[in-house]
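Below is one structure, written out as structure tokens; the observations come after it.
By written order: A, B, C, D and E. Residues from 1 in each chain.
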Amino acid sequence: MLLKTEKLCKTFGGLRAVNNVDFHIDTGEVVAIIGPNGSGKTTFFNVVSGIMPATAGSIVFKGEDVTKLQAHDITRRGMARTFQNIRLFPNLTARDNLIVGRYSRGRSGLWDGLFHSARLKEEERRNEEMAQELLEFVGLTPYRNLMAKNLPYGAQRRLEIARALASEPDLILLDEPAAGMNPREVDELLKLIARLKERGLTILLIEHQMRLVMNIAERVVVFDHGEKIAEGRPHEVRHDPKVVEAYIGPEVDSLVKHRRH
Amino acid sequence: MTTLATLLRRQSLVRFAYSPRAAVVFSAVILLITFLDSFIDAPDYIFSPYFKHIIFVSLTYSIVTLSLNFVSGYVGQTSLGHAAFFGLGGYVSALLTQLYHVPYWPAFLAAGVVAALVGIPLGAPALRVKGPFLVVVTYACGEVFRFIALNLEVTGGPAGLPGLVTPSIAGVSFTDVGATGKELFIVTALVFALALAFFMSRLEDSRIGHAFAAIREDEIAAAAMGINTAYYKLLAFCLGAFFAGLAGSLFVHYLSFVSPDMLSSTESIMMFTMVVVGGARSIPGSFLGAFLLTFIPEGLRYFKDFVHLPFDPWLVFFGFVLMVMMRVRPQGILGADTVFRR
Amino acid sequence: MTPRLSKPTSDRRWIRLLNIDGINVYYGNIHAVRDISLTVGEGEIVTIIGANGAGKTTILKTIVGLLKSRTGTIRFQGDDITQEATAGIVRRGIALVPEGRRVFPRLSVADNLILGAYSRKDKEVERDLAKIYEMFPRLAERRHQAAGTLSGGEQQMLAMGRGLMSRPKLLLLDEPSMGLAPLLVRQIFQTILDINSMGTTILLVEQNARMALSIADRGYVLETGSVALAGSAADLSDNDKVRRAYLGE
Amino acid sequence: GCGGSSSTSGSKGNLVIAMVNPLSGDSATYGVSHKNGMELAREEINKAGGIKGQQIEILFHDDAGDPKQAAAGAQKFADQKNVMAIVGSCLSSNTLAMVPITDKAKLPHSVVSSSTPKLSGMSKYFFRMAVQDAQVGILMGDLIAQKLGAKKVAILYPNNDYGKGLTAAIEETLKKHGVTVVSNQAYLATDKDYSALLTGIKAQGVDALAVAGTYTDGGLITKQARELGLTIPIVGGTGFYSPKFVEIAGKAAEGAIFLGAFVASNPDPAVQNFVKKYKEKYNMEPDTFAALGYDQMYVLAEAMKKAAEKGAITRENIRDAMAQTNYKGITGTVTFNDQGDWVRPYLYITVKDGKFVLYQ
Amino acid sequence: MLLLQQIINGLALGGIYSLIAIGWTVVFGIIGLINWTHGEVFMIGAFVGFLLITHFKLNLFAALILAMVASGFTAFLIDRLAYRPLRNGPRLALFITALGASTFLRNLAAIIWEPHSRAYPPTLDFSVMIFQIGGASLTVNSLQVFIFVVTLVIMAFLQWFITRTMMGKAMLAASQDIETVSLMGVEVNHLVTITFWVSGLLGGAAGVLVGVLYAIDPMMGAMAGLKGWAVAVLGGVGSITGAMIAGLLLGVAENIASAYISSGYRDAIAFIVMILVLVIKPTGLMGFKFEEKV
């Protein structure tokens, strides 16, 4: 088991955004979290990745209790994430975003920097290589020297994924990677995630686009009001009455057009 | 104003400023001015001790401006309290040499170290407070230091401490060398400034530099990249304070005098504007900012006498230029085009 | 019975409510919108679809005067509004529900809605408020809650309600379904239809092209800042290129 | 820097004197008065033929109250070989920053204020016409103990060398007379609100209040004391003497007693002549800084004359002549002891109907 | 009793701090700018009041009103000439412009009005009231009462205006999202202009009151301005009630500190309190708690 949470809670004032969530993901798995807006999915990510402290409960990552650790420590242990509202380094180029993404894999310090040590040179070479490879992988090579803030939206989403990959994580958390993408772009994203899976990466993603979820997830977890209300294979979950009621809604063929007489 | 703007936009100028050649030319000019009168009979007004004095002051402020860049440039935290470190360094080495008769150079180092240590609690608010709030916190911290210096017995109160020792190397006092006694000070400041500039240029491209850039751009994303943001913010404050402290020490022993005015908020604001005018994160910009804002007021004095102005126009002019500058070139004269975040 | 926000208008679709002619919009030296002309007739639902960065948001912002076009004209009810300030344009009867909802996070739901009626002078604000609550019962439940703490879907309803509070003749919607759960997406589109049936003209920007075309009368397809295709919604839905590029088939 | 312009480096054939003073910023008021007084005397001297036919010229450097800029000014003038003497600055810290430079350049340097004891004997080129805290303090103490007959006294002082030095002297004198000093408290010279301190003093029930400040803070203290219903006598040092004291304290100024080096109502014709001319030229009453500046210019002129008689007007000769100064001016007879300080007499002054008059 | 007296004294000073702070807070609240020139606006009000009373022999109330108008107009001009062209520019550029404008105005004033201190003429007879309470006496200057009441009234009015009127709500909204507020049909420039006027009026009032109570000089804006900002931050920027309460607290704290600790550290104490509050509770006393939503 790669990641496991037990009775995880996060409250904001009186609001229980995440409530007693028991969750686990195994190495190599692709799991999707779905749930109504405001059901605590993003908050769950924030707590697991250490951006926010948990109110109660525990998080175990690679067999180690990381509940009390801060985001940077958790990243260093091999977890990477993307953000629902894109958080690239806006004034750095695409390439530099990836170089910074490699931070936690670096070892060089002040003195290496000052004296341009062999270690630093080796590290720089490796970083450059990785950056090239990742840009290629997400199809952003033409954008490598553009500032992140000037990239089109879809490209920014892919760059965020690439940046998360740059730290060579074992587990990657993707928060609504397909938001704001049109169906064709979603297809490309699907392929990208499939290739990540082939590489053996463990993927946990939040998504509202059911097409993506159905196509890629091996297991789906459903949140509602901060609690896990269902879990299972995509097709089971999709027809779970609780999930249909809270999230998907009844199948209606078309919208009701009551145009003016 | 527009012609100035177009001139500034001319990339060749900026590119030259960033080349290593610029550093060589710069040092050559400074050294020439400093030492030429030892060999030839040069006109007074170029090689006067006064001119050399202004050069030394400019160099000192270049160091200070560079050091403020750690905080206000690299990690992008506006600090209006930097003079506190500059003055603190001055007071530390003044007190060590005067009260405890510590030799100058150990006291010099101690000045930097103490300033850096004080930088930790002063930088701590930056971990919790952001943007406009940090501006006032740093400003207030600087003021608190000034009040302490004003009120303590040991710091000599408002009058400060006179009669500080002159630094010496191998038994030779700085003031005994050269035509005016300021030469060694200038050389020391120049070497120090260039070394710091070199250090910073190397740092920019190192892993630490990456961490600084990430924090400046987006703190939360930086943390998600595995960067310990608290550590690096404090590091930036410490590094900035350390170098400012060293500069302060050199400066007060040059003047042979230290007073609370060194810690004033006006000084802090001036330092910050040196960074902004030259261009945040720009190493040649730091030199340019420091030299411009030291030389212009002196030049204006001559102008004032020349046209018989009944008042000193500098600060009025300065305020005006800042306003115009923000409209024409907000990133500073030698700044990259995207210094500021919205 | 559905509530009515404004007086019903007769079915005169040929009347052009909005008329955009040859606008060009730049961000610095990025040419985001190139020579675009489009029209929206009274009572219509018109949709603009296009890939990321095609310039959809830019067009909407230009219509309400948040961005300025370098050339061309924008006419609303025959009046040239190209150079007018946003506030003036809004007062003429155009409302924009912006991308990302942009509710005022620290104001209550009620205050957000009331601000929507800022430019109105009449005395019927209270009545319209009641109608919005009727249309979105969820908002009525939360009327005293700070808008920033609402969930994404609730915020979207609020943004729409706020837009309606100005009694717009023309409602501009920018990706109203982005980031919403499937259930809510359906609800939002239903609401758009309802609003339209009560007489409000709608210009809709959507990534969810399938849904958008299913409720629209006409549509424009935007590619890198220019109109690539235009036509009735039905024609566009049948167009091969559209099917491939935007409907993901 | 370029020394090309005539007005900055001094015209050929003129005797050039330089002044470094705060002419802008918080402390400009002192610098400006000092400058005005000197300028008035300079014009008189030049009109009367100057020094052996040579006209005197003064160059100014505004230090804005900042020691760093004062040092720069001192350096600038020290470099100019035609500058014969330098005066200023008004602030102790600025003067402290200047003295090492003027000393090195062997440039005669005199001031009319800067009262820190640290300056005594700091350089053989340095002369101080400033008032002496020690003496003023004794006189204030005497006044409080003997003429006012107070038994319990409170002291307020600005937290600077001037205030501290003065307070020490007052306290010592009062002790000698057997008067109890109930409290002595420091404030910042830039404070505007003294009600907290005064409330405390009122509660202590003292017979007199000694204030070791200058006219701005002194004026405000006097005003606020009266507003708080504190009616005890208020005794000040030389710093009180300025028309601005009355301006700031208003009616509350009535009856305040303080010491002065100079009083405009002094019937001495020399003083009256000075006051009249000063009012004509600047449209305001001269204060102590102006009067001392006026005398200082004459002291320098005398020294230059003597130097000329000795051979040439050089920095060294002027210094030697200054050390021998014995000049009767409007603020007393100026002489310098071997520390470069002027030990001088003082007047008791009080405010009556908004005017400064000699006390009893 | 002594403590009570100190508190009363502190309340007058605190009232003035509150007035200055509210001026800061409304501008920051709406355009997110630390309006560094506010101290200068305050100083100009003090000087205009002074000139009106000394040269034009106006009575205090007329002078107060006209000085407020003058300050309001100054604030309006500053916005118009210095800030508006940068409205959509980077925040830091705006802040540096403010620094520049403040330096410019302060030193220009020092040139025009000369840098010495002066006090308002004592023509304004404010009576000293002495209350005897059980042997001890309390002194209350009617001016202190006046200032206190004026501040309270202004605060209550503003509070009502902002929370109850449509324009007030628009101001609150503008502080959160200035672009979207224009989508509501709000003339943003108009709103900002009004804000600067209000801020200036308050600054001018504070300037005259300081002149009457203490003394004025062209440099007075620096420290008073900063204290005003400290108070605004302490109260929670954007919160008018917060500014009011923090102002009074600071006034009292300063008085007590200078009475019982050391007058030399009174300003330092104000700043230390501010730093501590910000570090412990960055939103200030009454500020809206706002955790960045990731």
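Simple rule for what comes next: a contact is a pair of C-beta atoms (placed from the backbone, for glycine too) under 8 Å apart; a residue touches a chain by one contact, two chains touch by 3 or more.
Chain identities (UniProt): A, C = ABC transporter related; B, E = Inner-membrane translocator.
This one's a predicted model, so the numbers in the text were calculated from it and none came from an experiment.
**Student:** Taking touch as defined above, what minimum step count separates chain B (Inner-membrane translocator) and chain E (Inner-membrane translocator)?
**Tutor:** 1
**Student:** If you tally contacting C-beta pairs, which comes out ahead, D-E or C-E? Let me know.
**Tutor:** Counting C-beta pairs in contact, D-E comes out ahead.
**Student:** Which one of the chains is farthest from chain C (ABC transporter related), going by Cα centres?
**Tutor:** For chain C (ABC transporter related), the chain whose C-alpha mean is farthest off is D.
**Student:** Average the CA atoms of each chain to get its centre, and name the chain whose centre is farthest from that of chain A (ABC transporter related).
**Tutor:** Of all the other chains, the one whose centre lies farthest from chain A (ABC transporter related) is D.
**Student:** Report, in whole Å, the distance between the mean C-alpha point of chain A (ABC transporter related) and the mean C-alpha point of chain B (Inner-membrane translocator).
**Tutor:** Once rounded, the distance between the two centres reads 43 Å.
**Student:** With centres defined as the mean C-alpha position, give me the chain A (ABC transporter related)-chain D separation in Å.
**Tutor:** 73
**Student:** Using CA atom averages as chain centres, what separation in Å is found between chain A (ABC transporter related) and chain C (ABC transporter related)?
**Tutor:** 31
**Student:** Please work out the Cα centroid separation of chain B (Inner-membrane translocator) and chain C (ABC transporter related), and write it as a whole number of Å.
**Tutor:** 53
**Student:** Quick check: what residues of chain C (ABC transporter related) touch more than one other chain, meaning two or more?
**Tutor:** There are none in chain C (ABC transporter related).
**Student:** Where in chain B (Inner-membrane translocator) do residues touch at least two different other chains?
**Tutor:** 147, 150-151, 220, 311, 315, 341
**Student:** What are the residues of chain E (Inner-membrane translocator) that contact at least two other chains?
**Tutor:** 107, 111, 262, 264, 267, 294 - these are the residues of chain E (Inner-membrane translocator) that touch more than one other chain.
**Student:** Can you name the residues of chain E (Inner-membrane translocator) that touch chain B (Inner-membrane translocator) in the complex?
**Tutor:** 28, 32, 34, 82, 85-86, 89-97, 99-108, 111, 222, 226, 229-230, 233, 237, 262, 264-265, 267-268, 271-272, 274-275, 278-279, 282, 292, 294
**Student:** Quick check: in the complex, which residue numbers of chain B (Inner-membrane translocator) touch chain D?
**Tutor:** Interface residues on the chain B (Inner-membrane translocator) side: 44-45, 48-51, 53-54, 57, 147, 150-151, 156-160, 162-163, 181, 255-257, 259-262, 264, 266, 298-299, 301-302, 305-306, 308, 311-312, 315.
**Student:** Which chain B (Inner-membrane translocator) residues qualify as touching chain E (Inner-membrane translocator) in the complex?
**Tutor:** 78, 124-125, 128-133, 135-137, 139-141, 143-144, 147-148, 150-151, 220, 265, 269, 273, 276, 311, 315-316, 318-323, 325-327, 330, 340-342
**Student:** Per the contact definition, I'd like the list of chain E (Inner-membrane translocator) residues that touch chain C (ABC transporter related) in the complex.
**Tutor:** Going by the criterion above, the answer is residues 166, 169-170, 172-173, 176-177, 179-188, 288, 290, 293.
**Student:** If we count contacts the way the header does, which residues on chain C (ABC transporter related) are in touch with chain A (ABC transporter related) in the complex?
**Tutor:** Per the touch definition, chain C (ABC transporter related) meets chain A (ABC transporter related) at residues 2, 8, 11, 30, 43, 49, 51-53, 149-154, 175, 178-184, 186-187, 189-190, 193-194, 196-197, 199, 207, 209-210, 214-215, 244-248.
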